[in-house]
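What follows is subunit A paired twice: with subunit B in the first complex and subunit C in the second.
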Partner chain A sequence: MIKKLREVPGYAFLGIWTVFSLFPLYFMLVSATNTSQDVLSSRLLPGGALFENFVKLFQAQDVLRAMGSSAAIALGTTVLALVICSIAGYGFEVYHSRGKDVLMAVLLLAMMIPFAATMIPLFQVFAKLGLVNSLFAVIVPAISTPLLILLFRQSSRAFPTEILEAARVDGLNELSIYARIYIPTMRATFAAAGVITFMTAWNNYLWPRVILIKNEVQTMPMLIVNLSAGYVTDYGVLMLAVLLASLPTVVVFLILQRQFANGITGAIK
Partner chain B sequence: MQNNAFQKNVINYPDLFSEATDAADFSEFPQSVVDYSTVDGVNYGVPFDSGTAIGAYRTDVLAEAGYTIDDFTDITWDDFVTKAKDVLAKTGKPLLSGQAGSSDTIMMMLQSAGASLFDADGNPTIADNKALEASIDTYVDLVNAGVFTEVNSWDEYIGTFVNGSVAGTINGVWISGSLQTATDQAGNWAVTNLPKLDGVSGATNFSANGGSSWAISSNADVDLASDFLKSTFAGSTELYDTILPSSGAVANWIPAGDSDVYAQPVDFFGGQAVYADVVTFGASVPSNNTGVYYYEARDAVSTAITKIISGTDMASALDEAQSAVEFAMG
Partner chain C sequence: MSALTATKPRGDRRRLGTDRRHNLTGWGFLLPAAVLIVLISFVPMIQALILSLQTGRGTRLDWADPLWYNYQRLLGDEIFKQTLGNTFIYLLIQVPIMLLIALALANLLNSPRLRGRAFWRTAIFLPCAMSLVAYSLVFRTMFATDGFVNDFLGAFGVEPVNWLGDPTTARAVIILGLLWRWTGFNMIFFLAGLQNIDRSTIEAARMDGANSLQVFWRVTVPQLRPIILLTAIMSTNGTLQLFDESWALTQGGPAHASMTMSHYLYEISFQRNPNFGYGAAVSYVILILVAVLAFIQLRIGDERD
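Let's turn to the complex of A and B:
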């Protein structure tokens, strides 16, 4: 009994914290069903303007197209980043080479360079390649990140070398070891890395804004900004767009939630 | 391109612009607006979207306190503070609101007196600037009297009048779109000019905030672009008549104000022909020197205002702002 009482302050704290965390989500949900004026008056109850907001949003912007662009970018980035960074992380840990720690240090140092410093040269490269307005130009710079390589390398530490040696003895080639043993064992890390990459790619704003000039290839975050760029912002419509833009990341996270938690804490089961 | 940033961009990136000299008859635009896009006497822009400042007030709230919109027309800021305090006492509603730390209101006051943060040679004139001091004094009075509510964000600012907690606003005419979000207040708004500064030479009841102009890029077919602008934004009442109702874009081009669409009464503003009035206001707005470091100067002044409101002495806060801008200019 006493033990349970001791837990009360902890749960109370978590409870309050939960309210703080969930309130913005609740406000977004409710506001998507309210008129602009109701949103500005901070109305906290659901309203009847959801359909009207839908109609206005789809009249003002090509939402499906933006969703398509965002999805193509996020999925393309995630798949490629997982393949490339997992091979890199695996290689860094499993193979032995004198220069690998130096190379890793260089990679980690590269993490310190702010994106603003590389943005202009990056734009020049893609402009010369004729890839302005191409989704490819958004995907490529994001498929190899020091953070993911580090995450995979750290997780690979727990990858049992005995299995590796046994596999080699059994005559499996290196690529097959990676594909048939490493990937299934590292499921949790892949899930965590996948969620992080998908969310970052989906929410990325600055680089797509720079390289995707035409409205036809705009992504969801760009569409949301465009909604508040005219003479008048319709906050109900804006909240609906924010809601729609949040759904995919919520779905991805919910599907991979369990593995995500395991992956971040580095557990292998 | 945003008017306030026009000179900065022309001076910093001269290679990107073409002269717009043949793109309009510039005498058909307010001089103050043409000046934004003029560098060394050469026109680089055709003014489009109007930033002419308006004072918009809730007539029902004013009536409750025994006033009409005429009591707020052609007045001075001292009058305004007195009347606004009275309105606050009788109705509980402040007449103005704005973002804390923003210099928009101060800049509108300053420009209304034909004063700027720079002299004609581009030197900062923040310290010892009588008009700026009068503007800041007025602003501090408004805030301290409770008739100007400071909020933290732009969205909150829009919220103050849309949800009816504040009964007026002073801003560029583009704010009228946001005002009309409050459909339940239709018919209860009216638009007039701004109060003018007391005891400042050159003070007027007219000013501007924002607005934008067309630029012709250097890689364009300049003749074709000039011809296009001349027959549209600098020559077609039909164009302005079409875009006013559909998008709320108010013209700077003075002849546009004579057309029937601009003379239409606007129900939201109690049947007032607001847009024709605003085009007329625009012609009386004094010029403002912007230059390359305009935004740095505005930011420095914003910081100074925040300090002054929290009790710092005005002269030292403005001296500091002046040094900050001089430092930025190198």
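Let's turn to the complex of A and C:
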């Protein structure tokens, strides 16, 4: 009995923080189905204005186009980042040499460079190349990150050397060993790296805001901010847009939560 | 053979690494990633330094006279000082509270007797799936003058508060938002760290009569030091670069009372009359602060060993 009582503060703390964590999400969810007046009068039950909000939202903004841009950016970034960072991590670990260790240490320094300090010159370069307003310019700065390379390098330590030797004896060249043996063996790492890259790319705001100037070219995060910037905000419509902007990453998160956790903590092991 | 490779895989790889052809293949494999990082991080970083020594509007830039003119101007820029101060308020208040809560939550979740672990973890970790501007807009809606928070407090007789219109409460709402978004993220790091701790050290302390709090501070926390250091550096780095919350939640307001340095940098560089040189100088202050604070934290982290 006393033992049980001792656990009460712990459960209470967990409970309070869980309510705090979930409430804003619940608020967003129900508000998407309510009119603006209902949102402001703090109605916390699902309402009947979902359809009406959808119509108003699609009249105000080209949601499908923004969804398409966001999807293209997030998927493009993920595919390219997985290829480029995995082969680099593999190269660092499997063909280990002192020179490569030095290079890795230098590349890791890039993690400490704030994006703010590279943003203006990056904008100037992409402007010179005529790539302002192109999704390509949004993707390029996100495809090679020290964190992903480190993640692939660390997990490549578990890649068995015997397989490598056997494949060489069988006459496979080095690139096919990577493509046909390494990738399938490291599925878990690829999933973890893929989830963090997708979520980061989908949610990124500052760089797309800088490089996508034309109003018609916008990502979902940009769309919701633009929607809130008008003189009169329709809160029901806004919460629906926020919900739509969050749905892809929340769904990915709920399905691949473990991979996401492994992705963000994996590089430290 | 298999036993040998199982125990010394690194040694085996070193031998492979000395093979010249394979060594070259390895360089080829990491070339694209390395070149990209140089082109998108290191080169622009140097260009920004050069830019910070120039003045002019738009694309017409000239060397500043004196060369450090932009930095000199920063010293007298009241808005810049305000944003620098705001950033440090967020850093000094939010980061310690967040790390303490994350540590406590991770410790609770790691307890072997806990029920419903998966539910608690998912719920607390879930805010990490939201984009920063998305959650900022949800908080903005909840903290509107006629919004949910005032209605809720009104039920207890509290007068409506103009949360986003007052400097102190606007900053407090940003801090609350940051706690909401990032506590679960840091908790995941602590959980990973806790799982590597040998439980027998905790059981041994218990046997010696230590209570839970003593076990937590004297046994668990010291073993987590590397992870605490890592999360502290990451959080400091992130806080110094805060942009989205300032932009979408409070819009930097009222006036510049809750604006962060990155937000001000954006305003200088991309709104109204773009001034890239002055913006680059602000960005270098951020860069230097990130480096200096990481260095200090690393030194403190090492000293305690």
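Heads up, the rule we're going with is that the second predicted complex is superposed on the first by the 231 of 269 C-alpha atoms of A that agree within 3 Å, B and C clash if a C-alpha of one lies under 4 Å from a C-alpha of the other, contacts with A are read in each partner's own complex, and residues count from 1 in each chain.
Rule of thumb we're sticking to: a contact is a pair of C-beta atoms (placed from the backbone, for glycine too) under 8 Å apart; a residue touches a chain by one contact, two chains touch by 3 or more.
Quick caveat, the model's predicted, so the values are computed rather than measured.
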item: Clash or fit, subunit B versus subunit C on superposed subunit A; value: clash
item: Subunit A residues touched by each partner, larger count belonging to subunit B or subunit C; value: C
item: Partner chain in contact with A:P146 - subunit B first, subunit C second, else both or neither; value: second
item: Partner chain in contact with A:L5 - subunit B first, subunit C second, else both or neither; value: neither
item: Subunit B versus subunit C as contact partner of A:Y95, first or second or both or neither; value: second
item: Partner chain(s) touched by A:L40 [first = subunit B, second = subunit C, both, neither]; value: both
item: Subunit B versus subunit C as contact partner of A:A261, first or second or both or neither; value: second
item: First (subunit B), second (subunit C), both or neither touched by A:Y231; value: first
item: Touched partner set for A:L64, first subunit B, second subunit C, both or neither; value: neither
item: Residues of subunit A at both interfaces, subunit B in one complex, subunit C in the other; value: 40-42, 235
item: Partner subunit B, residues of subunit A touching it in the complex; value: 36-37, 40-42, 230-235
item: Interfacial residue positions of subunit C with respect to subunit A in the complex; value: 2, 5, 9-10, 12-14, 16-18, 22-23, 25-30, 32-34, 36-37, 40-45, 47-48, 51, 59, 101, 104-105, 108-109, 111, 113-114, 120, 122-135, 137-142, 144, 146-148, 151-152, 180, 183-185, 188-189, 192, 212, 227, 230, 237, 240-241, 243-244, 247-248, 261-262, 265-266, 269-270, 276, 279-280, 282-284, 286-287, 290-291, 294
item: Residue ranges of subunit B touching subunit A (in the complex, touch as defined); value: 155, 158-159, 162-163, 174, 177-178, 180-184, 247-249
item: Subunit C contact footprint on subunit A (complex, rising order); value: 6-7, 10, 13-14, 17-18, 20-22, 24-25, 27-28, 31, 39-42, 84-85, 87-88, 90-97, 100, 103, 107, 110, 112-125, 140-141, 143-146, 149, 157, 160-162, 164, 174, 178, 199, 202-206, 209-210, 220-221, 224-225, 228, 235, 238-239, 242, 245-246, 249-250, 252-254, 257, 260-261, 264-265, 268-269
